[in-house]
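Shared chain: subunit A. Partners: subunit B in the first complex, subunit C in the second.
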Partner chain A sequence: MTKTRPFLKSILFTLLFILIGLPFIPLILSSVSFGWQWPNILPESFSFRAWEYVLLGSSGTWQAVSVSLLIAFIVTAVNILLAVPAANALVRYPLRGKWLLEAMLFAPIVIPPFVAVMGIHLTFLRLGLTETVFGVVLAHLSPTLPYMVRAVMISYNTLSIDWEDQARMLGAGSLSRFRHVVLPHLLPGIAAGASLSILISLSQYLITFIIGSGQVVTLPILLFPFISGGDPAIASAYSLLFAGIAILTLIGMDAALKKYYQNKKAGAENG
Partner chain B sequence: MSSLRIINIEKQYQQTQRKSDPAFSLQPVGLTINEGEFFSLLGPSGCGKTTLLKLVAGLLQADNGEIWVGDANITAVPPEDRRFAMVFQQSLLFPHMTVEDNVAFGLKMQKVGKKQRLADAREMLEHVGLKGFGLRFPDELSGGQQQRVALARALVANPQVLLMDEPFSALDPSLREEMRELLSRIQKQFRVTVLFVTHDREEAFQLSDRIGVMSEGTLLQVGKARDLYERPESRKVASFLGLKNSVEGIVAAGRFISADRSFDFPVEETIERGPCHLILRPEVVQLKILKEDPLEDSIQLSGVIQQLRFNYGFYTGTIQVGIYLLDCSFTSQQAEGLVVGQEIDVLVNKKDLWFVA
Partner chain C sequence: MKKFSLLAPGFLVLTLAACSEETGDGAAAEADSLQTSDWEEVSGAATGQEVNMYMWGGNDNINRYLDEWVAPRLKEEHDVELNRVPMNDSQDIINQLVDEKSAGKTKGSMDIIWINGENFKAAKDNELLWGDFSGQLPNFNDYVDAEAPEIATDFGEPVDGLEAPWGKAQFVFVHDENKSEDPPKSMAELAEWVQDNPGQFTYPALPDFTGSAFIRHVLYETTGGYEQYQQPAADIEDLEARLEPMWQYLNRIEPYLWREGETYPESLAKQDQLFASGEIGMTMSYDPALAASEVLKGRFPESTRTFVLVGGTLANTHFLSIPFNSSAKAGAMVAINKMMSPEAQTAKLSPENWGDLSALDLEKLSPEQQQAMNDVDLGAATLPLEELEQHRLPELSADYIEIIEKGWMENVAKD
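Moving on, here comes the complex of A and B:
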């Protein structure tokens, strides 16, 4: 039994590597290749042309990265502001037809975004919100909010009203209760929802393309033409950059959360 | 003097969606709890005692009635401004705060400076026997310790009234005993007014100055433990206090006659005529020593021993008299001569007879 465990572990690990790690190898090779054609297993010649174009050239990559991140963070912040009260109401209050409200909230996950975006586009055209970052932010809310609400709802489900009652009896008003009792409990849920929200916002192509009308340039907007028939080397370089940014953002958020908890603990031990 | 007065507090719950369980309602309750008094609400689960406690706390809105502390009407004051404290069944310590911060929380809400409130918190932790535990987190403490912290947290801000909702029922029996002693000592030390809810009569008897017995949303009787036990006003109160010996009968023409006529003895004129129940406490049923004549002031009953059980240093015997089964207490010495199935005579002093409607 004890011997099969490490064996099983290594098999699983290998499988994971094949599924996740392996696709990156041709991607990396492709990004530094110069004319890589069938039936060659490895590229015939290497060059950093693609990376030069992506990182240094006048491609506007860094501009796109910052617009992507800006949109993702604003979307996430708005999501948190919307999701916390929504989750509170959905979990705590006995509403008639609650299932209908939930169905509406979670519909964007089920219904293809394209359907909704066509309608949104028309409305935004009338309101003059197309081609603006603000419009894109609004449009990104619909596919991301459901995940945030879901995550925060689960946190609320495990928070018994007794905790708040206890804080009340100790003299805490509604703001203090939220700050000292509710928020610390919700934080893991908020962090989970925020990660999803950032990732989904970063990877939106269609919505950004339609609402932004090519004027709001995010990383996927830059990436897409190269994938759909342009230059595979540049497409690979962009894909790697995109993956790198997504991973860095997640790691950064995780580190911030860990640091928050460590500070709490350290502060308590020192104080 | 700041006594706590509950004036005709009333609460009606809406019918739940399942038609089978009836709507619960708390009948109007009037009660005055004196400053520094330890008052317990005793009753089976679902009798409304926790509802009453939450109404006093302000966590529930009453339909009718008022709550006063001293000469201030606090009915409309939100719970956070009442300066009450509450200890729940679970300790409900905030998991992301140290024990010290938990205890100091109430003072923090009152905007007491950090140094002062931590000093007060440490002092209170010492009172509950947890000196040096201040920097730990709640999950590093045992259940009993957590409940001590909860008690310290409730007391640190010097509340007007301490409300407790079955605070020890989640602990194991030996720990419960210890916590009762601690609570009793601290309550006397700080002279805090306590409103305590429990379904455990032993707990209520041990701790309380006065007890209110509740059942099905009604406050049945209020009194000192001994008065309740020796003079219950109704059969419900008697049975909840563990007085199971209840004999149905009728008082007429100066005699009590049970329904099956196995009890038939003269009673005093002061006892109201009509159908009633005779309540016999187990310890007033005395074994008759052979050849001794029944005394003037006693009644004699004859029965068959159905069961003998050893019970913490004494025996509980079940005797069948007529169609009734009576529990009575025997000392180990008395019980030695007895066997199941034996016919015995028992005596009850007339002053220990108690009739309820």
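Moving on, here comes the complex of A and C:
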């Protein structure tokens, strides 16, 4: 039994790798292909034209990447600030009509963002919020917040109020109760919500495009015309770059979280 | 505590919103005098301005031409900063301007927009364009034949100086010389070619721009020429009966198309991909040098060639315009003037940069300028300029295009 485990594990690992990694191979090939005629399985020759355009030159890719990341992180930070008190209230207080509040919070997942954003655009125009990073951040909150609230709510569901009462009896103030009792328990939920929030914010095209009105240029704004305009090489290169940045961001977050727990553990052992 | 928890998100949004900037609205009456003042004043006012050019951003050659050829020269010669804003569809430009107009936004960030045809008509009808400015541009006055129908009208709509011509396009068919040596020269020959080469031909499903243009050629050739359609569609009483031969033609070739005509490529981009991978033997383009530029990129095979029909192919002009609420109108005028200069138009003609036909009248150029333009290597896949010139047909106005696109759905796509 114990002998078959590593074998099984490696098969599973390979399968998973094929499932996730395989779709990237045609993307990589197409981003460097120079002449790729049916029925050849591989391109006849290679060229780095697409990568050169995307990474060097005047395409503004790096600026767009930093704008994308900036927006994603601000959106996520605001989401955390909004979602923790909201989840707290939704889980812990017996409210009448709670279902209605929940439905409103989760509506952006069900209703296509296009519908909402068309209306928001006119209002934002009057408020002078279009063409600003700030306006785009606000608009990104609607499709991302529901996931964050959902994730934090799940964490709150498993946090008994007794724990906080116990801390209170031991003399902890409200801030210190939140920091030492509530937050560590919520952290996995917050991390899950934050990953989703970052990914969703990074991949927004339409909302960014309409609210940013061309003045807030994120990676999808550069990428979309190439997908629909039919330059597969450049579209592939951009897609790979996009995937790479999303994966790196997630790995970075994961590493930070792990480090936090390690420090926590070390702190607990020492103290 | 309970109340606070619920209100906290609301407070946050409010405080954040309060921090945002307010739009000033006093700047409405800016510089309409630019339409009458002399060029010295205009270029003086343009100095130091930043100009945002909103245009379709899906071609790296075009993007590069603007970022690396036009922008540095504008900066150096006129101290005007050109900032290209990529759009996915020119229709989005119009939608955005409509919203800005109804919200009363007077200081917009679009300074130059790249439009033609339906988008121009929509912009003109909704009064989204600034005004009659093209007559102010020295390069327009010196090098453009303002009376020529393709300059004075845009898909049948009078231009009225609201936009300045940037380049010309002409419809060409694209084929692989190694696979079909003798391309068809008329719609009748094309039908034979399609039957002899089943699965090798198709066209993008309407309302794709190029697919729709292909069908207009079928219309011209099967119903007896373009002259009869120079009047408004509503004036032709038996229009439906007149269009009948076109639907018959399209239905006759349908079984021999790619996938037996059960489906059509949803866009020209998809069709080009089929041609690039060798799955079909012919594609089409409203840009006569696009094939040459795709060969340079290695997407289309070296043996790619283009051809026009003996009866001619459709040609149109694309334009640059200035929106009503542009914040840098003088800068926009200087930039448009620069893009219409013989040097800029010659650079634009080269397939390495873009391969777009010049909007200027060749006869108005100096002998050296003409020479420079004729010396541009258009690539083996592009037809000589004279051959294109001799086979130009005028476009149909937008009302016909709508009728044809609807009719295609009912008569061809549905069966």
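The rule we apply is simple: the second predicted complex is superposed on the first by the 242 of 271 C-alpha atoms of A that agree within 3 Å, B and C clash if a C-alpha of one lies under 4 Å from a C-alpha of the other, contacts with A are read in each partner's own complex, and residues count from 1 in each chain.
In this section, a contact is a pair of C-beta atoms (placed from the backbone, for glycine too) under 8 Å apart; a residue touches a chain by one contact, two chains touch by 3 or more.
Computed from a predicted structure; not experimentally measured.
In the superposition on chain A, no contact is made by A:48 with either subunit B or subunit C. Once the two complexes are overlaid on the shared chain, A:73 sits clear of subunit B and of subunit C alike.
Between subunit B and subunit C, C touches the greater number of residues of subunit A. Of the two partner chains placed around the shared chain by superposition, neither subunit B nor subunit C is touched by A:106.
Of the two partner chains, subunit C is the only one touched by A:228; subunit B is not.
By the touch criterion defined above, A:163 reaches subunit B but does not reach subunit C.
In the superposition on chain A, A:178 makes contact with neither subunit B nor subunit C. Touching of subunit A by both subunit B and subunit C, each in its own complex, is seen for no residue at all.
Those residues of subunit C that touch subunit A in the shared complex are 2, 4-6, 8-9, 12-13, 16-17, 19-23, 52, 54, 56-60, 63-64, 67-68, 71, 85-89, 92, 96, 99-100, 102-105, 109-110, 267-270, 272-273, 276-279, 297-299, 301. Contact residues of subunit B toward subunit A in the complex are 57, 59, 78-81, 83-86, 88, 90, 92, 94, 96-98, 100-101, 105-106, 109-110, 118, 135, 137, 153-154, 157, 163. Considering their complex, residues 162-163, 165-173, 176, 180-181, 184, 264, 268-269, 271 of subunit A touch subunit B.
By the touch rule above, subunit A contacts subunit C in their complex via residues 33-39, 45, 47, 49-50, 53, 57-59, 78, 81-82, 85-86, 88-89, 93, 121-122, 125-129, 131-132, 134-135, 138, 209-210, 213-215, 217, 221-222, 224-226, 228-234.
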